[in-house]
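As structure tokens, here come the structures.
In the two complexes below, subunit A is the common chain; its partner is subunit B in one and subunit C in the other.
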Partner chain A sequence: MKSPFRPDEVPDASLLDDHRSLIRSLERRGLIRGGLSLGALVMLTGCDVKRPESVESALLAISRLNDSVQALLFDPNKLAPTYPASMILRPPKFNAYYDVMDVKPVNGATWRLGLSGLVADKRPWTLQDLQALPQISIVIKHICVEGWSYIGGWTGTPLRTFLERVGADLRAKYVAFKTADDYPSSIDMASALHPQTLLATKYGGETLADPFGYPVRLRMATKLGYKNPKWITAIEVTNSYPGGYWESRGFPWFAGI
Partner chain B sequence: MVRRNMSGVRSMRMRSICGALVIVASAAHAQSTTPGGMPPPPGMSLAESAAMRFPQPVRVGDLPGRDVLRPVESQDVLGHVRQLVRDSKGQIMVVIDFGGFFGFGSRPIAVPVDAMVLVGQDMEVVAFTPEQLRRFPTFSPSGTTPIADDAIIKVGLAKPSH
Partner chain C sequence: MHWVNAIVMLIMITSGWGIYDDDVIIRGFHFSQFWRLGDWAAWSLNWHFAGMWFLTINGLIYLIYGFVSGRLREKLLPIRPAEVVQTVVDTLHFKIAHEDITVYNAVQKLLYIVVIFAGVAQVVTGLAIWKPIQFSGLVSLLGGFQTARVLHFAGMAVIVGFLIVHVALALLVPKTLWAMVAGGPCLKPRGRAEGNPAT
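Right, the complex of A and B next:
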């Protein structure tokens, strides 16, 4: 029997086909995918499902909403779990958007860390300058969006210490990173100031090896692996949304754990 | 440099990120845009190709028991590391309990360490296909010397294959 609530004019089901790749990305989220229908999208967003671009923008709007919910839930003082040094995986797991054979090592002697944006002192930093700052070590889990994880031991300067030292505006919204492997990234200021967010220069007590981001990489316990850029060459403090490599390809920006 | 996804459509695998609703747009590629664990280029020796994979120090005693995977998206488990030995020529070999089913029916084979890579907690055989490995002779310890657990050797890396 036809439902009394069925609209007279039903949207064309091929609209879902146009977004097959988006829907496939939800394959491990059977629950959500099961509930994803044209009707649900319309209810959520009021968008016009006859225009494919409006479906994509609706999905992105949901992702941005999720980012802001995560930012609200983030507790700047709550620490992620830590582990004994005996559990450190040596060597750590390599990952990038390319294979290891395409890694381009960075020369630590000529490397400089550039600064821009809402920062009082924009003088570039050398590796020696950075290593002269207070250092801490943490043993934390690296959790990748792909589903794997490992426990790693990282040493470096808390990003908070560095931002305070260069006179960054700590009320700004974003801290953005540029890297030698063209992997731009950015995080929210609250996460940048978290005590488990490091500019890491060592792994397992040894100088960071080339494939893992020598001389300096970001390592934070409160976000997924892809929010940890390696081979950092510049830091910007800004109020304009900087995006990032995977974020511009649809990954969530906040990516909290 | 243009990097192409060699494996065609590769679904993006999003794991749960907090409880809030996450919907991800644009899903043509996963974390990977080039595959990891590629075989050595034609004509290149195992040692030369291993040297291109940024060999990293690893404690020999940390390797036994690790899964040995096939470097494809399905990451089939080919076997498990049993021990490391030097063969009569001094070459480091990884003895793998190869094949079998739930621990039964496997047999040991010795694969040059330069034919393998470390992928996090696992290892992969990148220089030989499963078909080639099936034709490897069953490992015999005679003429080989075990390598001490505390020895440090260098093994190349690869990015995950999924």
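Right, the complex of A and C next:
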């Protein structure tokens, strides 16, 4: 097959003559000169793009498109690999938008979980109420958007069980979270109903420690670390996009893995 | 196709350096802000996740066209070890005979094949670290999430290494630059009569 990009007319081979002498006179100096121009060229591209508004909105539009592609790629029945309990990292890695010294512990005795939105029963929950629900334990990998990962063991109520119990509209688009550390977050309903999405209250068989979200945090195997809000105080089921802390700063919303 | 690839490759490499810097693979080895695309990780990620579509689609078109037209086989095969050695020896003596730019020498063929494989590997390892749960089979095939990450980094290093040689040599032989822009000369296949319709 002939390339459609090729000219029909064959150029005269003598065209190739003019650089023959150039190659033959090639010397080290040429290599250095070329190297310098290469450096200049690469520096030009390495230039920081100052993120003009048009570029920013184009990137965000593609990011939203990626969110829908990710939703399509998400298989609600696909389970994340699990690991033996012996591989659990103790204590887990701390991560937040502030330092571990700035964690403000939550009092579990007075803590209440608020409910709002498309939920039939909006009565607030105590920690005892929540722990009376069926519990499961999973040992899964936590993957951070930065690239690090560790294996952790989590115990809690599947979010699906909780949503069913409070009569949430499971056809709604989003489940949103509010937290004691002002870290709003939200996930899609399909991921919320995944069997490895937990309202976790224990790590490695023991009550969650303060830096890791006591009394209740979200722990899901199918999304990046920043989609796992800690110190949850309220849950809302909604059809209007709730966004989140890092999402409002440019990070992708779906963040499925 | 080449220039779409060139631009997207630079976007992927420099935005990848921005993402890398949040959790480095080689302790103490950072890319300074000057070399990163995106003023911080969120925008490097957005560049990377936008560029990946252009890289993959452009790469697929290139490979499909190359295979179907037979161009890849014609240009890049065969590679004989003796020719590779001969070309290396010649080059070290500064005898770079590139008189007919429509024919690649053995080292060129080898490097082009290596970089095509590296490009494909980047898409595969990239897919693995983008969706390690949805493609968990692929991740375990690659030896785990962190290994896939290191492979993705190594693939970048291969491509950057190729790029330095590739651009340096193209600048030394300016004729090839014009060929790359305009499509270049193509000698008619032997045995084909003048005026035959292209098949």
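Things to note:
We take it that the second predicted complex is superposed on the first by the 205 of 257 C-alpha atoms of A that agree within 3 Å, B and C clash if a C-alpha of one lies under 4 Å from a C-alpha of the other, contacts with A are read in each partner's own complex, and residues count from 1 in each chain.
We adopt the following convention: contacts are C-beta pairs under 8 Å (C-beta built on N, C-alpha and C of every residue); 3 or more make two chains touch, one makes a residue touch a chain.
Since this is a predicted model, take the numbers as computed values, not measurements.
Of the two partner chains, subunit C is the only one that A:K141 touches; subunit B does not reach it.
Once chain A of one complex is fitted onto chain A of the other, the partner contacts of A:L59 extend to both subunit B and subunit C.
Judged by the touch definition given at the top, the superposed model places A:A221 against subunit C, while subunit B stays out of reach.
Of the two partner chains placed by superposition, only subunit C is touched by A:A80; subunit B is not.
Applying the stated contact rule after C-alpha superposition, one finds that A:A109 touches neither subunit B nor subunit C. In the superposition on chain A, contact of A:A96 is made with subunit B only, not with subunit C. Note: residues 22, 26-27, 56, 59-60, 62-63, 66, 70, 73, 144-148, 246, 249-252, 256-257 of subunit A belong to the subunit B contact set and to the subunit C contact set alike, using the contact criterion stated above.
Across the interface of their complex, subunit C is touched by residues 1-7, 10-11, 13, 15-16, 18-20, 22-23, 26-27, 30-31, 34-35, 37-38, 41, 45-51, 56, 58-60, 62-63, 66, 70, 73-75, 78, 80-81, 141, 143-149, 221-222, 246, 249-252, 256-257 of subunit A.
Considering their complex, residues 10, 14, 19-20, 22-23, 25, 33-39, 41-43, 45-47, 49-50, 53, 68-71, 94, 96-101, 130-134, 136, 140, 145-146, 149, 164, 167-169, 171-175, 183, 185-188, 198-199 of subunit C touch subunit A. Across the interface of their complex, subunit A is touched by residues 1, 3, 9, 11-18, 20-38, 52-54, 56-59, 62, 118-121, 156-160, 162 of subunit B.
On the subunit A side of its complex with subunit B, the touching residues are 21-22, 24-29, 32, 36, 56, 59-60, 62-63, 65-66, 69-70, 73, 89-103, 144-148, 150, 209-211, 224, 226, 246, 249-252, 255-257.
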